[in-house]
Amino acid sequence: MKALKRIVFPGRFQPVHKGHIEVIKWLLERSEEVLIVIGSAQKSHTVDNPFTAGERMLMFMESLKEEGISREKVMIVPVQDIEFNSVWVSYLESILPPFDSVASRNPLVVRLFKERGYNVLVPPTFMRGEYSGKKIRERMMNGKEWKDLVPGAVARIIDSIGGVQRLISVSLSDEEEG
Amino acid sequence: MKALKRIVFPGRFQPVHKGHIEVIKWLLERSEEVLIVIGSAQKSHTVDNPFTAGERMLMFMESLKEEGISREKVMIVPVQDIEFNSVWVSYLESILPPFDSVASRNPLVVRLFKERGYNVLVPPTFMRGEYSGKKIRERMMNGKEWKDLVPGAVARIIDSIGGVQRLISVSLSDEEEG
Amino acid sequence: MKALKRIVFPGRFQPVHKGHIEVIKWLLERSEEVLIVIGSAQKSHTVDNPFTAGERMLMFMESLKEEGISREKVMIVPVQDIEFNSVWVSYLESILPPFDSVASRNPLVVRLFKERGYNVLVPPTFMRGEYSGKKIRERMMNGKEWKDLVPGAVARIIDSIGGVQRLISVSLSDEEEG
Amino acid sequence: MKALKRIVFPGRFQPVHKGHIEVIKWLLERSEEVLIVIGSAQKSHTVDNPFTAGERMLMFMESLKEEGISREKVMIVPVQDIEFNSVWVSYLESILPPFDSVASRNPLVVRLFKERGYNVLVPPTFMRGEYSGKKIRERMMNGKEWKDLVPGAVARIIDSIGGVQRLISVSLSDEEEG
Amino acid sequence: MKALKRIVFPGRFQPVHKGHIEVIKWLLERSEEVLIVIGSAQKSHTVDNPFTAGERMLMFMESLKEEGISREKVMIVPVQDIEFNSVWVSYLESILPPFDSVASRNPLVVRLFKERGYNVLVPPTFMRGEYSGKKIRERMMNGKEWKDLVPGAVARIIDSIGGVQRLISVSLSDEEEG
Amino acid sequence: MKALKRIVFPGRFQPVHKGHIEVIKWLLERSEEVLIVIGSAQKSHTVDNPFTAGERMLMFMESLKEEGISREKVMIVPVQDIEFNSVWVSYLESILPPFDSVASRNPLVVRLFKERGYNVLVPPTFMRGEYSGKKIRERMMNGKEWKDLVPGAVARIIDSIGGVQRLISVSLSDEEEG
């Protein structure tokens, strides 16, 4: 019997990287079930959010399979932003099954859940400085190597959708205006 | 190898009943994976939509466990309405992993997916006339027996949240106005 | 010292009538402060919601003055619908000053606040059957007497904006379609 | 020189019918320019709103060509609902070029524009009882003749998109619930 | 009899400070009634908008009491953004009681109300450079003294909700991304 | 017979300038019909988006007339943002008549349409460096000459609405906060 029953793990996951998988393993040692919340589900095709929620779901599904992590204990739920911070936790309570804790290193997320009385886990950084969505996107845009920072399945998905080209394309949009 | 890879099964599931479980079994014979889409995720506490998306997710999670259906092959995703029918399929394509078919008996859903070129499965009715969300809600409101129409897990969840009392409460709201 | 500190009194108030004023007096005997929440603030010019939120605010402001009820103890706040019942109480908590109770005869409102652990007061009906927004609107549409059911200030406001004519106009819209 | 400069003609146009074309001709005798506003642009695939805004735009474009009415003097603009009646005229003022009048038989539309001080034209009914969107949709659903009530171009468009089948499909959705 | 009847005073009030109280006093010399509009009511827990609308309402309620300013003449209304500048004044007209003027130093607000023909008052700066929401928030984040810039009641409220810690927490979120 | 039937030309057009007119002429050589999509229709009164959709529509209407370009072949449609990139093309398909191509130099727009299989035309730059909305707005704000960069009709419209003063006003709002 684990100490916790169901823990929410929210993030944008742009893209899913090896650090996220490490966190999931770390959480499964502490909780019966992990509920991955893919935030900003409506966003894609921007420099900070290149991938659709569906693509990010697929990244998790394939990576978990690759890592031998059972989906019996890990759910993946896309969630749109509501742009109303003080209501956000209540919104999650409404669309998710009951949970008792949250895992996040994001100070806003930590704050919002603490103000509502939740148990908050701050996972350790795994190879941090390397395992970072922002740094991976920058590597993609600058033509540097990035594939060793993500699960093999994620690299294959990004290749199959032309993800690097997409990211480079949208990065040019800010500079261009007719 | 099944004929289909991933099939979407959208509904409101107010509440999850035995007919839904039968459909899922029927779909798993035809498809590698089933993606349950819990629609109208923002709705609850009304006569037609008494349960929150989170409660409906839990109903599926517990029923699948009870039935011995592995969540490796069945995902459950809450999805809010967009009130824009002609864009709805594109919206699902964006927030879900790739799918090749849809299963529905709802003529609007069937139509929208067919207009976008999707393969549509119309599942058979299982004990129809009995397995119907609307009829089950009516039974609840009228004090009739309803528990044999839903999986045992669903009955326990509805009891634990005072679901029948909630449904009766909200049914009175239409009549009352100060 | 009253038993309660601040009580929320939500409604649509289409229009403000004498029953509402009676409730406010009744609440002021029990609470330090009353927070009138004018719901469906975005709605107007329909059969069920003829008056704008601003017009309804004015009705309360003028009626309270007429009745000699101090605005020191009564606040009036227009609130738009969010169409997300399970999040509604949390939404009110976010945009209103702290409150400890709610007053309502609406079963949905009662239910939502009770599920969140609030103290709920159900005010008595005052001359009920007569003091009812719906009946007053029907009287207006049918050319019957209605002014004795609302505070004098409300009758003057409705007259000054051509409220009865507006109600009759919009009641015809449902029947007409080119 | 016409008496009016630019007149707004709002409607849902589900579908465009001969009465609408008659109104446009009648308006062009009185105004330099007509601005057709296709309302509820986000709605389609329902019994009351079967056609998308794009389909309705095309119906007008082809019908005007067929009738020899120049698009130099007639603009067609799709506009989404805002569900905020008291702000609707201001919303139209913001997204449309300046106009001085509105043409409508809809009492709500007439009321909203009059309250904002606009000149309102109520066009005569042309063959009314026959030229009615609602009646045409009912004829379609009941397998009756409807093509003589709409411009030839509209009949061809509806045929090409399978519009009658779509209408019949969605009319069945209200009755069905799993 | 004052020159003006009812004046709107919009702002974000993050947090309420002594300059705002001075403006209210200045306005009450010129107008029968002041309508404080707490804008961006949906925002909180960000660096620019740390406090909820409810917290900001409470700040005004307690500060007015402390200053001996009667709420008979001052209303406080939370208003959500609509992200549609050209419709914003019309939106306020709809949800507020009638007003004849606006008080603001914000050039956008001044412009929008002038384009709609309103009387605009630009209040003097009171101790400006000091009485500024932005500077107060920066002082809070940098551990500098800030309490003498806000009414005593505001300082107590911010302390009671851990407002400074909240502000510091959310200020870290921009830098962190997993 | 032109190679293409109907081409969509999306932009923000803040303001319409001579480069846009050149693109339209260039497109009319290649397509039967051009559909100008005025994006971000809900935006105005900001530094990047000073003009309302209605003002921008009028700029096109008057410029086309001035240039002798017939509106028989050019439609102008205001479209609000949906903040959901991956659904945006589907949204346009729904509210516009059928089109076969898109014309844009914006990399995001090019990418989104290509991912949906559309034919994309990248128009040449006409006097680029000069014909740029951003540069024209900067010239306006800095008191430099700008009228030779826009059609005469556009200059007259901007003058008549006090557009330069508006732009300067709103540019001050970012710096000001009480």
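Letters A, B, C, D, E and F name the chains as they come in the text, with residue numbers starting at 1 for each one.
Just so it is clear, contacts are C-beta pairs under 8 Å (C-beta built on N, C-alpha and C of every residue); 3 or more make two chains touch, one makes a residue touch a chain.
Treat the numbers as computed from the prediction; the structure is a model and nothing was measured.
Touching chain B and chain F at once are the following chains: A, D.
Between the contact lists of chain B and chain D, the overlap consists of C, F. Homomeric contact chain D/chain E is classed as same-residue, with over half of its interface positions used by both copies. Chain A and chain E have CA centres that are 36 Å apart. Note on chain placement: the centre of chain C and the centre of chain F lie 45 Å apart, centres being C-alpha means. Across the assembly, chain B contributes 42, 44, 52, 84, 86, 93-94 as residues in contact with two or more other chains. Applying the touch criterion to all chain pairs gives A-B, A-C, A-E, A-F, B-C, B-D, B-F, C-D, C-E, D-E, D-F, E-F. Across the interface of their complex, chain F is touched by residues 42-46, 52, 166, 169-173, 176-178 of chain A. Per the touch definition, chain A reaches chain C in the complex via residues 84, 86-87, 90-91, 93-94. The touching residues of chain A, counted against chain B in their complex, run 41-42, 44, 52-55, 57-58, 61, 70-72, 75-78, 80, 93-98. On chain A, the positions that touch chain E within their shared complex are 11-12, 19-20, 23, 83-86, 105-112, 115, 131-134.
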